[in-house]
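Across the two complexes that follow, chain A remains constant while its partner is chain B and subsequently chain C.
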Partner chain A sequence: MSEMWTAKLRTKWQKELPIEKLLPDDQPAYVASWIYVFGVLTLSALAMIIASGIVLAFEGPAWYHTSDAGKFTNSMHFWSVQLFFVFMVIHLWGKFWMAAWRGNRFRTWATGAVAFISSIATAFTGYLVQTNFDSQWISFEAKDGFNSMGVGAFFNVTNLGQMLLLHVAFLPLILGVLTVVHVLMVRKRGVVPPIDAEPALSNRGPQ
Partner chain B sequence: MSISKESKHAFDAAPWSGKTKRYDIVKEGTIALAVVAIFALFLSLLMGSPDETPLTFKGWAVSNPDNFYATTVQELAGTSGTATYGAPYNKGAEGLNVGPLWPQKWMGVTHPIDSVNDFVISPLSTQVMSTEIASAVATWKAAPDTQKQDWATAYDDAITKVEGKISDVPAGAYGPVPALAQGLTDMAKGGALDAALLSQGGFFQTDNTKQILFFGDGSYLDDAGTAANLQGGTWGMMNETGRYPGQAWLWLYSFWYQIPPFNNEESKPIGANADLYIMVLMGVMSAGLIFIPFIPGVKNLPMRIPIHRGIWRQYYDENGIKRRKK
Partner chain C sequence: MTGWISEFMNHPATYLKIGWLQISVSNLLVILLMLATFALAVFLPFPKGHDDTQEPRT
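For the complex of A and B:
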């Protein structure tokens, strides 16, 4: 039984990320700043982006040009993206000034940083599939950078079909996986203790 | 109190065993989602979202027929931006390089574009043509390549000499080129070129590369970009049409295009290859972001600049913890 891959995975999961860590009902008392809110706000904005994006996907990229409901849904998508980046950048700066990679948390930092970069790529393809003047302009201008790297051979920003598929399928999948892994790592490792924290003070047990 | 580096690391890595407080993660997530939804709803209802109508070839040919006509001649003469671009469209140029690295050239022609046939002859051939245009197409197709080049180059040069004013071009040995250019201009004015460029005689098509590139060869798209404050030299990559926020998160990428030597195409090797240098630079900086925890100096900034004293003020105050000297 213990040799089964499934059993090994379950044992490892239960050891490293028990349900009490995944869905905690308490947290360190030092978590007492508004800066902590921006992580969950980023996740919430991402949820809004996905929800509005799914509605847009059902109706197609040109729907919002001709429909009031489409225009509203597109606006929700657009502003959720703007909020997402505002929250994420504040979250990122907050974590930098906390040196949140301390205590074996490099992978938490790295998955967050890669998720940030992936978000830029995902949003960029979104701007390319607006099917308006802006997407004409951006695709013409952006092609030179990608072509100069040789990336244009397989990532053609002037190909609406390719950009649309990447925007609604591949890139959200990458971003989604990174986000889930990032959040699980936060839950596993816990929130980094304050810089200058006194170890002696933390040995008193929960109070 | 002095703590060794190892002890500090072990302390930071260990599960927190000090003072805790109640935390309802599900409630927090629900409230956050509601707050964001209200914000997005408010902004959507108040501001809407950008939707500037796309440009069309009809709009170009009607508003500036001389420029469209002259661009068509450039496509035939092989002097347009697309015809002289290089990979991945053709072999019109070597592409950009950083030192011995020529990634653009190395990846080769993966999206072949023949500006003569794809932009001019094939779209014209999809139409019911007048006798004059049909004859011009037939003459062009039957002529040897050197003859075609001579006609188109002579006409392209003549248009350049009169600064693009087609009515001032003197008579010359231009063969069928004027008729072809006029035929395509008329086709664009009628609105048929947009679809013909996309479909290239087929049915299903989702690749707008040929349309976008042809647009970029003339002044119509460029002028519209300038009018909308979208040019790269003026932070345009961050901008959006109208009064909407654009991709502000591209500020660092856009920044490099504002300063020398990147903003000077005459400056070799960096300015002349700015697109590639900036992409490489941004790649290095992106890697730098990921690996900040290992970069000497940068990784210590949070300890040296005491912004953390504000973040964890309550903890420091309650426990009377002073800042340690770094």
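For the complex of A and C:
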């Protein structure tokens, strides 16, 4: 076998996550439950957030605060975030109560948990960059909290430029990478079975 | 905003206070709706479409 890193990476990828696992055309019978729908609903809401966010970034606040299309897109961005969190929290409840870290799925659980935390930071900076009185009030309330934690010098919530760049560049990048890794981990390990359905399968580990 | 939405939204939020716990009615409603959605997702039967997992009939 070639010693090149590309060949090693390809071999490892094909072994760990073959295309049949990456793009499956069937799922175990236990996946036919509404509780298994909320992961993909969260992804759908995230896709709407990113799409509407890109439009908002190109057009700017003078457009999204004044024109009808701008207000609509702004609302689409906001309400997609609300649905994103609703779906994600119900997904979290479902996975918590079925102990979804079973079967060597700790990394799937951990990337989801960190993605949840980073999405809170992304949403928070979103509230700070609305460029309206709401964002002004939120930032001035929040600054005391951040200063009391001793991070005010690094994370200045009243600095619109810093919050805007964190919201549109750094945090979406972190959240995007975590989401991709999370989904790849789900595809690699498979969807977790219910606790009482197949105990042997749930403890089998990587498949 | 016009109509019933402005009537509904253009006033300070109503808060419930039970001891140390204080929560706005709107936040409480969202949490209750999420719990109801979770319960429905667990207990409602999933519609059956074509089943790829079944063994072929002999």
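As a working rule, the second predicted complex is superposed on the first by the 193 of 207 C-alpha atoms of A that agree within 3 Å, B and C clash if a C-alpha of one lies under 4 Å from a C-alpha of the other, contacts with A are read in each partner's own complex, and residues count from 1 in each chain.
Here is the rule we use: a residue touches a chain if its C-beta (ideal position, glycine included) is under 8 Å from a C-beta of that chain, and two chains touch if they have at least 3 such contacts.
Quick caveat, the model's predicted, so the values are computed rather than measured.
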{"item": "Partner chain(s) touched by A:Val89 [first = chain B, second = chain C, both, neither]", "value": "both"}
{"item": "Chain B versus chain C as contact partner of A:Asn159, first or second or both or neither", "value": "first"}
{"item": "Chain B versus chain C as contact partner of A:Ser33, first or second or both or neither", "value": "both"}
{"item": "When both partners are placed on the shared chain, which of chain B and chain C touches more of chain A", "value": "B"}
{"item": "Intersection of the chain A residues that touch chain B with those that touch chain C", "value": "25-29, 32-33, 35, 37, 89, 94"}
{"item": "Touch list for chain C against partner chain A, complex", "value": "30, 34, 37-38, 40-42, 44, 46, 48, 51-53"}
{"item": "For the chain A and chain C complex, residues of the former touching the latter", "value": "25-29, 32-35, 37-38, 86, 89-90, 93-94"}
{"item": "Chain B contact footprint on chain A (complex, rising order)", "value": "23-33, 35, 37, 40-41, 43-45, 47-48, 64-65, 71-72, 74-80, 82-83, 85, 89, 94, 96-99, 101-106, 109-110, 113-114, 116-117, 120, 123-124, 127, 130-137, 139-141, 143-150, 152-154, 156, 158-162, 164, 189-207"}
{"item": "Chain B to chain A touching residues, read off their complex", "value": "1, 3, 7-9, 11-26, 28-29, 32-33, 35-37, 39-41, 43-45, 47-55, 87-88, 95-96, 103-104, 106-108, 110-111, 206-209, 212-213, 215-216, 221, 224-225, 228, 230, 232, 236-237, 240-241, 244-250, 273, 275-276, 278-280, 286, 289-293, 299, 301-303, 305, 307-308, 310-316, 319, 321-324"}
